[in-house]
Amino acid sequence: MSADSNTTAVCPGTYDPVTEGHLDIIRRAAELFEKVVVGVVAESPRKDTLFSIDERVAFLEESLPPEANIEVEVFDTLLVDFARKWGAKALVKGLRAISDFEYEFQMAQLNRKLAPDLETIYLMASPEYSFLSSSGVKEVARFGGRVDDLVPAVVARRFAELFQ
Amino acid sequence: MSADSNTTAVCPGTYDPVTEGHLDIIRRAAELFEKVVVGVVAESPRKDTLFSIDERVAFLEESLPPEANIEVEVFDTLLVDFARKWGAKALVKGLRAISDFEYEFQMAQLNRKLAPDLETIYLMASPEYSFLSSSGVKEVARFGGRVDDLVPAVVARRFAELFQ
Amino acid sequence: MSADSNTTAVCPGTYDPVTEGHLDIIRRAAELFEKVVVGVVAESPRKDTLFSIDERVAFLEESLPPEANIEVEVFDTLLVDFARKWGAKALVKGLRAISDFEYEFQMAQLNRKLAPDLETIYLMASPEYSFLSSSGVKEVARFGGRVDDLVPAVVARRFAELFQ
Amino acid sequence: MSADSNTTAVCPGTYDPVTEGHLDIIRRAAELFEKVVVGVVAESPRKDTLFSIDERVAFLEESLPPEANIEVEVFDTLLVDFARKWGAKALVKGLRAISDFEYEFQMAQLNRKLAPDLETIYLMASPEYSFLSSSGVKEVARFGGRVDDLVPAVVARRFAELFQ
Amino acid sequence: MSADSNTTAVCPGTYDPVTEGHLDIIRRAAELFEKVVVGVVAESPRKDTLFSIDERVAFLEESLPPEANIEVEVFDTLLVDFARKWGAKALVKGLRAISDFEYEFQMAQLNRKLAPDLETIYLMASPEYSFLSSSGVKEVARFGGRVDDLVPAVVARRFAELFQ
Amino acid sequence: MSADSNTTAVCPGTYDPVTEGHLDIIRRAAELFEKVVVGVVAESPRKDTLFSIDERVAFLEESLPPEANIEVEVFDTLLVDFARKWGAKALVKGLRAISDFEYEFQMAQLNRKLAPDLETIYLMASPEYSFLSSSGVKEVARFGGRVDDLVPAVVARRFAELFQ
């Protein structure tokens, strides 16, 4: 940010569905950067999603604070190309645990090979969300467990419709 | 950076001595923030330093690019108080390995308790420096091993005086 | 156990198939608690099982010591609901490695959200079983490798029928 | 607990000083066992303590709930001998992070060699205390940082006397 | 190698496709042993491969130095049986990260149970390849990202045909 | 071993004192290499030793099999210089746990910088010794605990003299 004063960051993810842990990272990124683009992966190459891309985007838009500096966008390209398109200076990711760290360490190096001028920065998950993942939440919801504190209200309602 | 356009970050450390790995993180931080304050711990509570605080500062000043946005400062207070004094919005740390991650996860949470509005952000060490630590370098130098690629020239010269 | 003297614990798992490592944990749990309910997941949400639920239960029942305080039961609900149904005070799990630790740390926090009065306690795997998993055993058996020391006799016989 | 109904567990530590994280584990152990003996290491073989053994015991006694089933005792023998003396069936330890896990995995195996009938059971630290350690707290207090949420009131007061 | 002077090692893998990281390990193994057999798993039991067994072998043969002491062979048996068939004294594997370490620790113990006289030895990945995996490379290539430095030329060409 | 048939490896350590875990690694190395030099660090730069260098060497010599291909030697230089002096092609180290892995990953990279033609190879600790360390053994022995299975007889006798 030394040179240009207008800085953008990308918070990428599948968000299937968005959790309170994701929202925490996005909000903290929005404190650090002038603009945050939440990049939603259209299709996950490694697994089917429970929610459609339209639902995943709608959950995010309904849950995020209506601040001017956060935008939700879909992408189906290489992440570094998406970041470039938006003129982003950095990717922002959350770290919850060692397994995140290892995966992210590898991704950071790979992405730097592909786009040397795009930095990836990491924020540590808040302790109250450090155990939280979309897949964990889905497993609980599937059996009718309460997930009200773990996901935004719009997602909790949708789970109730689906699994009860 | 949403509100105020003038952003400062702190890169804290003992820097006993500064390595090429430290310089890499500081330089990358200087790309992300308008001003970077390299905060040098006057005395390490847990271990004696090999180099005096004056030497450690001199090594940093001689090794860092003479860019306007990097400054080296000593501190002997709580890190969060030092950051506050400089109006810093964030601390920037490098992560090399799991053991870093665990220690830093705990420090990040502790520092957020002490200063909720100060964010800590992490950059992954570049692979070529991922094995590099001040203590490793000192162990090699002590036995006359070559450390020219691992530390800036001024430090390599000082090691040669000390141990040869 | 301060108040009520009659204490029950649940040892949950897919047990596809039960290994000597599982049996070690169940036996140790049965030393600590008055009653142990081995809870067998009817269907694994994340993967197909090699053995049917009836076979998995039969393997367990044939391998466990015929002590009065161990019972094998199937469940297809949320684990915390199964534990509640049996009046269990605790879940008992084994830890073999870091990857177990990370997964279990997250599950423990999630389960405490869902059932605050149900404690999860962990036992460290015995060294001789610390490398042992149902999936590893199946991979070996599939190619005709010897698994006699790794699973109870009834399972070893069944593998021989299947893969030889 | 199968055979004898009267069960005792030991929560060992240096407690220099006791933190809210320690208290959380001790309280949870007291729910699981009829009696909990908090075993305070008289002298730490690996490091000097900040507080004397009398202070460390006093902090614990003042902070623990005055329930009949928790007792604080000093020991300067092998931990397994202390546990035997009190007729304990189990040791109870908290796990916060991977580094704890690794150390504890090794200690559990070593202690089982020394006392095969003494089980060690682990509870996962509550997320809000997962970053908390006595040494971290001391570092913060030393520089005048606030530790009120991290340690019991009696310890916070003593820190204020010492470092302000 | 104390007794027999003629020593063979096996470098097993799925190689879907071979990366520069694999080649680095195979070359280093060929410095340590008189003969290296690169063992290519015909079918991966856990996942479909992108490339056929014939393509995977061809990529390896075209990329490896034409030294006399490296041979590429397919196997569809238990790894220890394949090693035995070739009279191998050791398996050679690369370690990039903690997750590798954990998986390999378990496999090493399992393989020693199955073949006590076959040793598994590990080489640390070179830092420049420590973030590199076949699956990561495939994900990048799928979206048209450049993988020229990460895989041998023959593989990069094939990716270009497939995904562009 | 491709070119020269006469291969030497170095097993370095402080051996304060040698444990059954060390002996296991040395014996396995002696199966793999024609000659193994056990390199004993004269003084540990990071900590005082309990036993003198003469005692540490004597323990090793008395415990090792009197095979022609194992030799015990002291060194007080850089490890890579010691290895070079003996014409060693490789260093051999044992890995017990993640913390070993991380430390060794960094040392391997550092040593390759210093001596590119010296390979470091790793063997996984046998499960029965995976929890064993010199410092753990000393802590147990200091309090009169039994260490007979953990160290060779000569060391166990010396502990008995020292601490009983």
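Note that the chains are named A, B, C, D, E and F in the order they appear, and that numbering of residues resets to 1 at the start of each chain.
Simple rule for what comes next: a residue touches a chain if its C-beta (ideal position, glycine included) is under 8 Å from a C-beta of that chain, and two chains touch if they have at least 3 such contacts.
All values reported here derive from a predicted model rather than from experimental measurement.
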Q) If we look at subunit A and subunit E, which chains touch each of them? A) B, C
Q: With over half of the numbers shared counting as same, classify the subunit C/subunit F interface as same or different.
A: same
Q) Greatest Cα-centroid separation from subunit D: which chain? A) E
Q) Most remote chain relative to subunit B, going by C-alpha centroids? A) C
Q: Between subunit A and subunit F, tell me the centre distance in angstrom, where each centre is the average of that chain's C-alpha atoms.
A: 47
(Q) Using mean CA coordinates as chain centres, what's the gap between subunit C and subunit D in Å? (A) 29
Q: Mark out which residues of subunit E touch at least two other chains, giving numbers and ranges.
A: 98-99, 102, 105, 108-109, 127, 130-131
**Q.** Chain-chain contacts as defined at top
**A.** A-B, A-C, A-D, A-E, B-D, B-E, B-F, C-D, C-E, C-F, D-F, E-F
Q. Within the complex, which stretch of subunit D touches subunit B?
A. 96-99, 130-133, 136, 139-140, 142-146, 149-150
**Q.** Residue ranges of subunit A touching subunit D (in the complex, touch as defined)
**A.** 98, 127-128, 130-131
Q. Within the complex, which stretch of subunit E touches subunit F?
A. 1-2, 5, 7, 28, 30-34, 67, 69, 89-90, 95, 98, 101-102, 104-105, 108-109, 112, 119-124, 126-127
Q.
For a test of understanding, state which residues of subunit F touch subunit B in their complex under the given definition.
A. 45, 77-78, 80-81, 98-99, 102, 105-110, 113-114
